[in-house]
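Next, two complexes with subunit A in common: one pairs it with subunit B, the other with subunit C.
After this line comes the complex of A and B, so read on.
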């Protein structure tokens, strides 16, 4: 599909983006900047080291592990083992909402726990202090679980957090204690931390409680972190449809849910990048298939619900889901009808995350807006090009350092939820089981796809394309807005949301309408500055 | 309850910090470096450090915060980060063309023993630093001190690495800003101007972190102390260090290197500390205090006298950073209020000693700083002895809501309100702003809780 918007020649733009770089840097970056063709998807260089000094959006492994995956859990005491900073910066900043069952139930999300490592701990080792910290946390709170997150110095000085966790777990008796080697230098971005978190949660939590899960259509929601209440909206829809949520990884989750997750019959994956490992491992060990869904966008939500109905192949469920969609969509459509005349034909750029830059394009499409350039901060090639490229991805030194768990079928708990024949039949019906087609297939021809975009490239893109809205994170927010272009934060949602499901879509449409049509963007020039420009133009005309 | 697990019973903790009243050194170094004109701060560590610091500073200022990182991977952590830093320096000068790169270390690069002095020298020897450009550095391991000492280390680095003594003294006074807001730095310059004192203020984040909306992103905004000005600090006749923790080390360094005598003052927050600042600056610059400043002072005293009944005896809990807490506690005492609980995660005997001097007028106060002096402890103290007012950074809102205490945001970081970067807290006008905030919080509470028959029209 060709855009109805006139793009500048992307080849020239690409040249502009890299021509200021030193030769080696330009060569490297050019492989991460590609001109899209949804028919013959080109290869994108992704999940490789960032060029030092280039000014990247990326964070670290600790942020991916503690911040993203484990941060949303409410009844685990998450202790950061390291100097104070890492725990401080990941304290409540990701807006993971949670709703404890009652005022008496645990909620540690508002707390920040750290061993506040000092110089003597770096010199003489910090394990002793860590064990004291675990004991103190246990004595104060008696939590069901304590998780330990390693920061950079921990791995370098050789503190064994896993041994300390094991020792304390045995000592405490009724508290599950486990550690994560998610030092910031591991891997090349947050992505390494996601993988490390998946491994730890799988090893230490999933499968601990095999009490049968309730309900007929038992689902786990993977890769949904309840930022701005996204998971609440999905929970609302699931309940309305009669789908039974067993566990969420990890927005609004509890230890109990995650320990029981292997009793579900389907894993649906929202953020492929951060949690696909869990889907694969649970399939191998327990026989639960996974399916990529997307609850960002009203149409996508409807489509995802229909996919779930197909999977369970139940007439009653199918009918119920159609009823829900029929009930929800008119409210969404009414808002689109009102707003779309004001957003139609506008352009967006999305440089964020490992899945959001893909899925939010659906919401912009629903508003009649075109995505002219997009890219991820920490994704891999499969998130761009689709999982069919997985066998051809070279494992480099940085990825090799991240443990790949050897998972086998559980002798007692493995039970394939669908037979080979059933899975084949579903695939024939067009249901992608254990698959993800990636971002590029959905993007227009000649749009730009850029991995790990640098600050310089972002500024150039804005200068050359003048998009109506730019989507990224807090670090980019005010830089882009200083250029007179509104920036929508897709990590924190600018403290709004939810944006998932049907109600979320409505929230997003209204926010985007407000942002791209805000009068403030016309107030930037002072009247006397305007007068000066006008008189200059006037004198030019008279000449 | 948001902090439902916080117990009333206080138990000594040795391993676990809960809800810290500090963060780590590098963010302070980054903030200080933004106060140099044309400077790009650089974080020598993992990408996460740089990302976290930029994010926090951005949330606090709602402004662009530019900084680069050495992007350590496991390989760099094993073999050393020299190659990464050299490549970063090359890339930064090629792409972003700063006048100065200010490198700070992190816990990672310090643990493996990277030597910034040696690496930046190598960058220079290898011709990676273009003519006329500079790379300065500060050692800021996260496992020492706090964000405040990190700030101090970078400011000290500015003094040590820029200041030159030409042998000819200049008729100027160095004013070394402790960690304060751009609005405060702007106000310090305003006082100097009103006094007719010729000063070099460093660092100076005004016109950097409060930049106007123009439709154009100025990568290097117009503010910041210039390299020339920093160089000239070595020829100044005197230095005033505003803060014994965050500013004094730079003054000591200047004295050592260029024989510039100095005086350390508390940050000019509140009446008495501002009095001392005005006195010292007028003395150091050899100028008289103009009547307008005396009137400004008088207006503050007038309001305090007029509203004294509402301040009297009110109990206050505070948490935050040393150089702000010291004069703020003194100001509360001047207002006849009672600072009963004070916590700061920043360690240091210098801080303890100075705070204890101020607290001689408040022998009842609980004060703890350094390890495990955290907001969990402060909350426990509050549960044992309730207060009328809480003052601290945004994280205080969780305690304030649970305990239903009026709350004033003050310090770093403030993530949920604006104003701190635009309206100063230093000086007499800053004092007036604080008084207005305190009264507003206390009187709103009185209005909210008053029985109908005692609801006052005039207060």
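After this line comes the complex of A and C, so read on.
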């Protein structure tokens, strides 16, 4: 990968980022700010506690569990057990979409259920109120499933949501009730909540219905949450290619799908961070391999489809997929040809999510734009450096507090879809079977990689690099734009999307073109246009 | 889909949580960083929510509780956090609010702050600290807002010889409303301390230079004078003296507390201007008399479109009360005045403004959620909804137009610049309501007319 862009010296930038911190904080942050080398990937400190008072992008365990993983489900009644704020703040804010088969079909996604804990519940316990809330939700909707999400006070006052769920499940008879201990103080970020959600969904939902799934090429789509309609585009492509989607975790999903997911023959993983646990557990228990794919980016989508064809090793499927790619790509190329002259050579920074900061680099590449710095909010070392580092990741107290399910092969349902030898052969061909190479391998030498970037650091980065676009979320959006740099929200897409697949790529190119070439930015005088440029001019060309 | 009747759980809440209000109020103090003592998720959620309405940067620090802190207490984290915020942001003030987590474990924040000052007080510069207790399992965002304003005054106000100035505590209003109030007070030539003033911090321009903390806000030094002001004007029908900044100043420094309903509609705005005339012994400046005349004229011209229309109003109690009074004035019947708040005073206060409310078919419900409101709507058959963005789902389902006011507005642009108060705000509201009714009729008309 080569680019002909002048960067300030990353070592100087790193120094500049941390020199305002107290010594102890500077030392800690310095391990999370590294200069990339795709050949010999350096270690990144990740998934460690945020220092108090450093304003972080990170959310909490509840946000990861209820907001991210279970939020997009439409036929589970999700009840937040706690004071009102948590449920209110996670009420449709992620722009998950869903498409019930008909208006009569269940869709609880627009609802926000809360036990709305009051002081007396904190003092005397909230289990009673929780059980009444479950009963009410059942009487009202007769849903297939009810899920309970614990917020901070719940764990502290000792409410046993699992016992309450079990009791209500038995009482109701035809409704699956289960709880999540996803109190906000657990773990270091929303990542803990993803893990807790994976465990719960695996334990309480997957495997409940072993009716053989239909179709020849049966796959589950993992780590896709249908923000801005992303899942709809992937579904469209799958259908066109003749791939049979058994279950999605969890964009546009249903309880029925998830309960039947173990009948698929391949799990494809989009967001490695939030759902890799599910892939691993399903492999161990049922023998379904998982494969890392990326449907963000047109080229990446084509590549991912070819990998799926390779996995199933079917000539007809291969041919069909090539046909689809041949049909879709010209439309994409036409838009690239039009836009690329205006975006070529521009620079981007991405500080977002646990996978998005990686995936979206592909779209920028397709526009001829270079990612000069990137990092995740809540990822782990394997998302940066690749899964080969997993054995060397130290398990700290925060990770230890999150339950690791002990999964074994199911005596009846375990059936390896591929033999060890077949899997090895597929890996030889470059398929990321049960593996993930991470973000850094794809990034340029001397680009900066920063985990859990703080508000202060991101402002500094903008000042020093002056990127053409910054990608993060709504919390960062307006501070970046105050400085005259457009910010693209990669959580909510600024009300845009979908950005997956072929049609999504086109949407993204157009949105980026509109942002980086917008005349309004000329009206804003950026701070660096006024201030004396600082002493970081020593620049060089990356190779 | 079925609907609920009596219920224990809350579905689709019509209120936000206590610490959110406190963070918002702290944002209106100059060089102040809000700080939440609890899990980082609270700060993140509240930031993302406030930002989606104001579309401005909002930094809120947190003591980032983890499992261990939750068990053994957060004193250490709070101190580390304060130190880091001080070092990075160089704030003059840090506004600390609690969350349900720190409140549940019974953290003694004032004691921790005393320890902190004792340990690091000699390190310059030491910001001033304001503390408000805001457990999320009590009240709503509006309680947190008032608690933070009261805490600020409690921390900084000093007594002394009466100064020629008034305090104005307007409650939770838009940045545009704040700017308008300041303009009015200036036009009366009346020195004032307005708290909190987030008119610039939450609705400012691009930054020609770097700012750790956005410019604007009520200066800390100005808050000191609130104890020697001639009077405090406080908006909020249901705001009790025991919970308000004005109440504290009256009790502590004998500053008279003049409580008014939020000035929306001609009658309530007249009361506000009458008060200013009395305090300054000057007539209302011509400019506002003009605004009033234009508004009366508009009422006369627009009344036929809206008279007899039925509206459902929802939001914070004080906003709903004043909006109801305004609607009553223009002949729109607020068939339901609903709030997620539960001061217990809503009906009583509304009756003071509209004594014949029962005969006019005006009903009041506090402590409700949107499912309750929807159920009422099915019976009341209103013509329009007036409230924040959270009513959209209901508006779509029941095909009722929604006039967006208050907070949060995150499905439209410019919520922070909407006016609600005074003659100008009323004018804007009146125009929007009239046009909503006209648009509805125009769209529904089989012929389609283009001329009014």
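Throughout what follows, the second predicted complex is superposed on the first by the 521 of 543 C-alpha atoms of A that agree within 3 Å, B and C clash if a C-alpha of one lies under 4 Å from a C-alpha of the other, contacts with A are read in each partner's own complex, and residues count from 1 in each chain.
Going forward, a residue touches a chain if its C-beta (ideal position, glycine included) is under 8 Å from a C-beta of that chain, and two chains touch if they have at least 3 such contacts.
None of these values were measured; they are calculated from a predicted model.
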Quick one: subunit B and subunit C on subunit A, clash or fit? clash
Touching A:52, do we find subunit B (first), subunit C (second), both, or neither? both
When the two structures are overlaid on chain A, which partner does A:527 contact: first (subunit B), second (subunit C), both, or neither? second
Regarding the shared-chain residue A:185, is it in contact with subunit B (first), subunit C (second), both, or neither? both
Quick check for you: in the superposed arrangement, does A:84 touch first (subunit B), second (subunit C), both or neither? both
Of the partners subunit B and subunit C, which touch A:63 in the superposed model: first, second, both, neither? both
Output check: A:140 vs subunit B and subunit C. Expected answer is one of first, second, both, neither. What do you get? both
Check the residue A:464 against both partner chains and state whether it touches subunit B (first), subunit C (second), both, or neither. neither
First (subunit B), second (subunit C), both or neither: which does A:116 touch? both
Subunit A residues contacted in one complex by subunit B, in the other by subunit C: 20-22, 25, 49-63, 79, 82-91, 93, 110-119, 121-122, 129, 132-133, 136-137, 140-141, 151-153, 155-157, 183-189, 397-398, 401, 455-456, 459, 473-475, 477-479, 481-484, 524-525
Taking the touch rule as given, give the residues of subunit A at its contact with subunit B in the complex, in rising order. 20-22, 25, 49-63, 79, 82-93, 103, 106-108, 110-119, 121-122, 129-137, 139-141, 151-153, 155-157, 183-189, 397-398, 401, 454-456, 459, 473-475, 477-484, 524-525
Of subunit C, residues touching subunit A in the complex: 1-4, 7-13, 15-20, 35, 38-49, 51-52, 55-70, 77-78, 80-85, 87-88, 99-101, 104-105, 135-138, 140, 206-210, 212, 393
Residues of subunit A that touch subunit C when the two form their complex: 20-22, 25, 49-63, 79, 82-91, 93, 110-119, 121-122, 129, 132-133, 136-137, 140-141, 151-153, 155-157, 183-190, 397-398, 401, 455-456, 459, 463, 473-475, 477-479, 481-484, 524-525, 527, 530-531
Quick check: in the complex, which residue numbers of subunit B touch subunit A? 1-5, 7, 11, 13-20, 22-27, 42, 45-49, 51-56, 58-59, 62-77, 84-85, 87-92, 94-96, 106-108, 111-112, 141-144, 146, 211, 213-218, 345, 371-372, 376, 395, 398
